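There are two complexes below, and they share chain A, which is joined by chain B in the first and by chain C in the second.
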Partner chain A sequence: MLEVRDLHVYYGGIHALHGISLRVPDGQIVALLGANGAGKSTTLRTIAGIVKPSEGDVLLDGESLIGLRSFEVVRRGIAMVPEGRRVFTNLTVLENLRLGAYARRDSNQVIQRDLQEIFNLFPRLEERKKQSAGTLSGGEQQMLALGRALMSKPRILMIDEPSLGLAPVLAQDVFEKLKELNQAGQTILLIEQNARAAMSIANYAYILETGNIVLEGPAAELAQQDEVRKSYLGVH
Partner chain B sequence: MTLSLFFQHLANGISLGSLYALIAIGYTMVYGILRLINFAHGDIVMLGSYIAFYGVVMFFLPWWVSFPLAILLTGVVGIIIERTAYKPLREVPRINLFTSAVAVSFLLENLGLVIFGARPKGFHRPPVMDTVLYIGGAAVVSYTPIIILTALVLFGGLMFVVHRTKVGMAMRALSKDIETTGLMGVNTDQVITFSFALGSALAAAGGILWAIKFPQIQPLMGVMPGLKAFIAAVLGGIGDITGALIGGFLLGIAEIMLVAFMPNLAGYRDAFAYSILILLLLFRPTGIMGEMEPEKV
Partner chain C sequence: MKITRNRILTLITLVVFAGFLAYSQATFNPYILRIMNLCAIFTIFAVTFNLVYGYTGQFSLGHAGFAAVGAYTAALLTMTPVQKELNFFLEPIVPVLANVQWPFLPAMLLGGVLAAVVGFLIGWPALRLRGDYLAIATLGFGEIIRVLFVNMQRVTNGSLGLKGIPEYTNVYWSWGLALVTIFVTKRLVDSSYGRALKAIRDDEVAAEALGVKLSYHKILAFTLSSFFVGIAGALLANLISTIDPKVFLFFLTYQVVGITVMGGMSSLTGSTVSACLYTVFLEALRPVESPFSIGPLRVPGVPGMRMVIFSALLLLVILFYRRGLFGQAEFSWDWFFEKTSALRARLGRTGKTAPAPSIESEEEERP
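Take a look at the complex of A and B:
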């Protein structure tokens, strides 16, 4: 289980996270929702070791990850799909995926098998594996970013706004894949602005407002609450 | 001009170009990864040739031990410089990093003056590199083909590392996006250090070959090749390794041909190189291989 305790983050003078706490139990999809600038990406980036918190703790199975650099956090089993996908456009699709497995000590055979699994999940990537990642469409790049993160065989997969910039149909596709992955046992921490889609696949959800968690609960219950329906699901 | 004379000039241009290319690679790799013009890179060239020189005259090593050893040791010096002068400054404004590079350059040059002395030293060409060969009627001294072949072997090795190995893949990823490369489980500091070592080692090889071609070394000898190689790197599209090779060869050949065909312009040889730089910056600022990509913000 991944646990965040009382996390405070400052960017210079800006207090971006005001002591947030959350838990991501094994095997679940946990959604972190909120408006622009609420601090969602900051939370993920802090867990990933990119941003250093001023206070608080991040624990993976009770062991603190604070102070680890981002490559060490990945090696502990937490992978992240960053906001805006950020695939390596100067590498081929295959190289992007292999880079995802960079830190693994497994034999080439095992990695080859996992690659095939990714290709089964995203057949488009296999068709384009020799192509430069820069030539992929936005949706394909999102698949690649997801596949790349999965290649590290993460215990916990963190995804920052997978639906960003995707047509609704494609976004729906991505959510289906996430659900599929979760059913196969993948633990997921999901950030989304599209709260409706996220709640439809999540077990549990947290709602972040200007650096504070203002609401939390099982996703199905949360989706019934009036405030949530008004502010986040666009129901009036 | 006879054909054989033309080929002699061409060989000369290619060998000079391969030296520029060897040095240009270090500029371009460091720029590609850190967006830093490593001002001290030319002085690394000097250091490489001095270490090779002292290996032979002071430690009586055979050249085939001393030269590779000098390349290795210069690579280590590259690591030390990166760790002490550049790495601590990675989070501060880039101008500080650049200033630090200028400081390292002056430091190396002045250390050179103090330790090696200002007086030029004669670099002994190994005898195998100093025999006259007749190739198709043209007379060349053996160092010319040896320089070209050595450079080609090193380029081949470099291309292998960059395009066929795991660390090479990480280097290419790093040049695009350091933060995301870290998210792939890559120890980015290690890869950056490795790039410095590689660039410095190639510069040392360039310095040794330079000293074989122009067998006199002195503490400021790296300045001019450094500047020319920098021009070559910009010419090819800074940040792009293939571009650095192309830029190096083009500049070397162009310089020699200018002097060969217009001997009365020989004095303008260096001015010519700088004119190329200025024209390039005006008309194609991204160089030959550079992508026309807006600067990342």
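Take a look at the complex of A and C:
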């Protein structure tokens, strides 16, 4: 289980996170929702070790991750799919996926088997494995970014705005894949602006506003609350 | 099947190439041999620059400085004690170096190692910088090395330079080491380390998020590159037999950058071909620096005229082949057979109407 306790983050003089606490239990999808600038990405980047918090703790199974560099955090089993996908456009699809397994010490055979699993999950990637990643469509790149993160065999998969810049149909595909992965046992922490789509697959959700958690609860219950429906789901 | 075929072809090419080297060393005049040696040395410079910039994306301009370290180390270790005494007439040489005289190989290797040590010491802090800032920092360090060499009178003989360095470098040494450099670099960039280097080039943040240790990989590429630059510097010193700090001005680095860009980023074939073309062209263009006349127009000899022409050529390459002559492509046998069979097919078609012209296939001396 991943646990975040009372996290404070400053960017220069700006207080970006005012004491965030959240829990991501094993086997669940937890969604972190909120508008632009609410602090969703900052939370993710802090967990990944890219941003240093001034206060608070991040615990993976009770062990603190604070102070670890981001490559060390990956080795502990937390993988991040960064916002905007950030695939390596000059490398081939296969090279991108192999890089996902970079932090692992497994034999080539085991990695080949995992590679095949990714190809079964995303057949499109296998068709294009020799192509450079820059030639893929946005949806395919998102699948590649997802596959690349999965190649590190993460305990916890963190995804930043998977629907960003994707046509609604493709975004729907991505969410279905996430649901599929979760049913196979993958723990997921999801950040999304598209609250409706995120809540449809999440077990539990937190809503952030200007660096504070203002609401939390099981996703299905949260989606029924008037306040949430008005502010985040666009229903009057 | 294909792999064994390619291996055999590579082996044959290497044997033919070795034969060619033996033939040229025995029969060619020293002028041609000098050009061949310079081709190999610039190949090493270009390939190593490609490793740091083309594959790892770190724009470093310290080549001249590292070459100087290798060149001076090898020169001081291979010169005879008598020569050293003749050279150091202003101030005597430091006693440690006065009486040593090593064979070429260990002297050259130590030159490479010292260049690598200097590369590591500079790369460690400097590689935290990105883009232009790294370029400025490494450029500065390169100049610092040169200025140090000007002022360390008792070690380097300052601006007087060193004369009478034994001319050990021949085409076996230079091309042998160029092939080793290409081989090592190729193996590195095709390994999982190489994938990590390319990932750093494409997107540092994403690479780190995947568990790639940025500083480690950057320093690895940088240090390895400085090692081979040091070796190339040693080859250069023992080729031209006279070095002084002016040989290692920023101009040397500029040439290396030009060659590599012209050949294509992340193409070792490109670096090799481009280094040879550059060296040969520069020699071929020598006549333009002496007075000549075009019809009634008299052109006086202008030293440096060939650099003007070279710059214009470089501009043309950048305008029309934006990714260099080879882009990211590498020579391989599969590619070779694909091209030649395509060419044969095309010639076969046109051959019905006109006699087929002879196929001129380009000789490629790399595996």
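The working rule: the second predicted complex is superposed on the first by the 236 of 236 C-alpha atoms of A that agree within 3 Å, B and C clash if a C-alpha of one lies under 4 Å from a C-alpha of the other, contacts with A are read in each partner's own complex, and residues count from 1 in each chain.
In this text, a contact is a pair of C-beta atoms (placed from the backbone, for glycine too) under 8 Å apart; a residue touches a chain by one contact, two chains touch by 3 or more.
Please read all numbers here as calculations on a predicted model, not as lab measurements.
Aligning the two structures on chain A places chain B and chain C in a clash. Once the two complexes are overlaid on the shared chain, A:34 sits clear of chain B and of chain C alike.
In the superposition on chain A, A:162 makes contact with neither chain B nor chain C.
After overlaying the two complexes on the shared chain, residue contacts for A:70 are found with chain B and with chain C alike. Shared contact residues of chain A with chain B and chain C: 48, 50, 69-71, 74-75, 79-80, 82, 86, 88-91, 95, 98-100, 102-103, 148, 152. Residues 48, 50, 69-71, 74-75, 79-80, 82, 86-91, 95, 98-100, 102-103, 148-149, 152 of chain A touch chain C in their complex.
The residues of chain C lying in touch with chain A in their complex are 192, 195-196, 198-199, 201-203, 205-214, 328.
Listing the residues of chain A that touch chain B in their complex gives 48-50, 69-71, 74-75, 79-80, 82, 86, 88-91, 95, 98-100, 102-104, 148, 152. Listed in rising order, the residues of chain B touching chain A in the complex are 166, 169-170, 172-173, 175-177, 179-188.
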